[in-house]
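Going in written order, the chains are labelled A, B and C, and every chain counts its residues from 1.
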């Protein structure tokens, strides 16, 4: 079959062409532009940066263009403490959230994998369903619960656990709750997929050789499910670093996460070059985990290069 | 398409010319050669079998004929025309797949009529021919059924009907009976032979089951690791294998090693053995005598007039119902296999373990092999 | 892995599901709460749903969101399916690594980066931002999800069905359209639904790439939410949940019906 496709390469090329072109125009090119603008200077103009790439100015225009590029924005990022703290906080939040997600998600996924065959699709559907409802809504739902006169305080007070309403919102705790809540399906599903495919005879062999259920779990199940756990962890960690909605709605205003910082620089300060520089740096930061995730994907799908 | 055989241009079909000719065909996957410089002729109105162990290249050969693989070297001629550059959907060749490959979203009628609908055949004619095929494979009235409503045997017949309706020049069958149980397989083998005789189409079947190949085929090509070992009729292959490998692959045989002596004799560890002819071997050459178990006679006493006789003890008995297979331990430590039919109505084998016995066979019973 | 769930397993699953559904349940219940305050139960009421009908801006935003989602999901499905076919069937080709990288990156990349870069593109091209720029942005974002789903279906696809069709005289392109596509249709449909939902739901990218007169529902909800909890929001959220849940259940029933039939067919072939 391979050869039939190669024999009429134009057929295969045509299939490839449309998505390829689309991605080059709407994915690759934008990144190059972001890079370019991160090297530009802020200006009170429309668009609010200099220099503007203008092909009509010819070669001289290009030279002037290159001369006006500057690393000012990047310098700002590395010198002003706010940005450094923001990056650190983002990585910290992402790391801790991912760990919590692993701790909660693993038993959850394991429980589903051990459920009777007939139940499993239903359980998976139940996990996926919230994901198919609005992300914004689900975060918003937590506001309902966590606000000062919200449900959580109400329950806590009725149970006499606290005397006065606790301020749950505008805190890091709320962010963690929101992150874990929103990304749980992203952790559970890859884990479930890996656990579900596990060859049951391996567990039987371990038992036959003298392992208790507990030992079997740690010596056989966990190591074999590691790729699934890694995929789930990366699928959560990488987007969480750049999250905006959750910290904005649920978090406080002390240190912002990097996604919020980018948003503010762009919309509030109208400082496009700095916002772009933040994006470039963030991308560089995430490049290694992203490549790692890509490798994991290729290996599991088997259709890699 | 296949109808009217318009695809094969050039000289008209000549009965003396083979229908299919493989000319020094090689197929490499990377550095591994699945088929190596293979040349083979397949004739008209022939039931031809490609037989061999897994990995021998028989399926690759079949797929090259169908067009799903392209030879790395060599040509494949159909009615004298090179079909290698012809795309599979344009070849007047149809295939019955091992997994049947029935289209799950079409009905039985939809599946069988699929090939005709690709051409310019009128709707009414398609319906007629589908009904004709359904009758031929003994599934009348099944047209409206869905594939998931059929049993395994019924699916197999739908797959067969689908592949025959276009009256191809060659019908390819890729291990078609592998999924059936033994009884059904036996019945279907005879049905296939009947079908082939009736239609006069050349069938090329790939199988690893030698019994199946022997039953259905007019000629068999035995393959091993990409090469042809022997191409002949079943009887020829069984009675006159051309090598130890073929003799061992088809049926059972005891190999006796020896040196060629004068007068068509062989000097072996068991003494002088008279043969029906040593063929191309010259005196002094090392040869092997292949003896089929059913050709050896077994008795309690030494036979008076048979020239080739050896003594031994019964070391194992395999009772099969119709026959018993005996393993006899000989004086030089070697083992000979003997097969006796259990003709006696009392049942059970006439000999028991550790019985001393005499084995003998006529000179023409064995085949002298030089390789 | 089905030797039977221990009590620990059952509790884990139950707690997990409770955690997932708690906020949604709260939200749905309080959309029917006559009182404005979350802690005070004022009785069942449809007042907020009535107010919703009068909120023109919200309804307008919902309509825009639905249209953007429909267009972008359809475009994403076409492009994503083509990309999946290319990745599965074309074998190694030059710049395959780049292509698959571009296809899969949006899966993990923070949306702020994707949103920012697309906005800058539109600015550089001097394109007026609005309905179509959001649509293009959403298409680019959701394409990869379609590709993942269709790709995994294609990898498991029985190629002998295509070979059988070609063997019977069907040219390769027609084979793909009449044999392969119908059989992977459920995966394509699932991809469309996922792309639709993601588009309907997206806030960040829509905010970056929107323009005057193109306020989507999430943008609208977000701006209202920043000012505090409003019961009408509860109502609109409940409606959205109901619509998505209904659509998901219908879709899974359809695919289950088809999958069950195919499973029986596949099982039968081995008999």
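FYI, a residue touches a chain if its C-beta (ideal position, glycine included) is under 8 Å from a C-beta of that chain, and two chains touch if they have at least 3 such contacts.
Every value quoted in this text rests on a predicted model; they were computed, and no experiment measured them.
Asker: Please give the groups of chains connected via touching, computed with chain B left out.
Answerer: Groups left after taking chain B out of consideration (others unmoved): just one piece.
Asker: Give me the ID of the chain with the smallest distance between its Cα centroid and the all-protein Cα centroid.
Answerer: Smallest offset from the overall C-alpha mean is found for C.
Asker: In terms of C-beta pairs in contact, which of A-C and B-C ranks higher?
Answerer: A-C
Asker: Measuring between Cα centroids, which chain is at the maximum distance from chain A?
Answerer: Checked the centroid distances; the maximum from chain A is B.
Asker: With centres defined as the mean C-alpha position, give me the chain A-chain B separation in Å.
Answerer: 59
Asker: As a quick test, compute the distance in whole Å between the mean CA positions of chain A and chain C.
Answerer: Once rounded, the distance between the two centres reads 17 Å.
Asker: Between chain B and chain C, what is the gap in Å from one C-alpha centre to the other?
Answerer: 54
Asker: Could you pull out the residues of chain C that touch at least 2 other chains?
Answerer: 163, 172
Asker: What are the residues of chain A that contact at least two other chains?
Answerer: Residues 1, 4 of chain A touch two or more partner chains.
Asker: Find every residue in chain B that makes contact with two or more other chains and list them.
Answerer: Residues 68, 87-88 of chain B touch two or more partner chains.
Asker: Please output the residues of chain C touching chain A within their complex, sorted ascending.
Answerer: The touching residues are 1-6, 8-13, 15-17, 19-24, 26-27, 30, 37-39, 78-80, 82-83, 85-93, 96-97, 99-113, 116-118, 120-121, 123-124, 136-137, 139-140, 143, 151-152, 155, 159, 162-163, 172-173, 193-194, 197, 200-201, 203-204, 208, 218, 221-222, 225-226, 229, 233-234, 237, 240-241, 244-245, 248, 252, 256.
Asker: State the interface residues of chain C toward chain B in the complex, per the touch definition above.
Answerer: Those residues of chain C that touch chain B are 158, 160-161, 163-172, 174-175, 179, 182-183, 261-262, 264-265, 268-271.
Asker: Within the complex, which stretch of chain B touches chain C?
Answerer: Going by the criterion above, the answer is residues 1-2, 66-68, 87-90, 93-95, 97-105, 114-115, 118-119, 146-148, 150-152, 155, 162-163, 166, 179.
Asker: Considering the complex alone, what residue numbers of chain A touch chain C?
Answerer: Going by the criterion above, the answer is residues 1-2, 4-5, 8, 11-12, 15-16, 18-20, 22-24, 26-31, 33-34, 37, 47, 53, 104, 107-108, 110-117, 121, 123, 125-130, 132-138, 140-145, 147, 149-151, 153-154, 181, 184-185, 188, 195-196, 198, 200, 203, 213, 234-235, 238-239, 241-245, 249, 259, 262-263, 266, 272, 275-276, 279, 282-283, 286, 289-290, 293-294, 297-298, 301-305.
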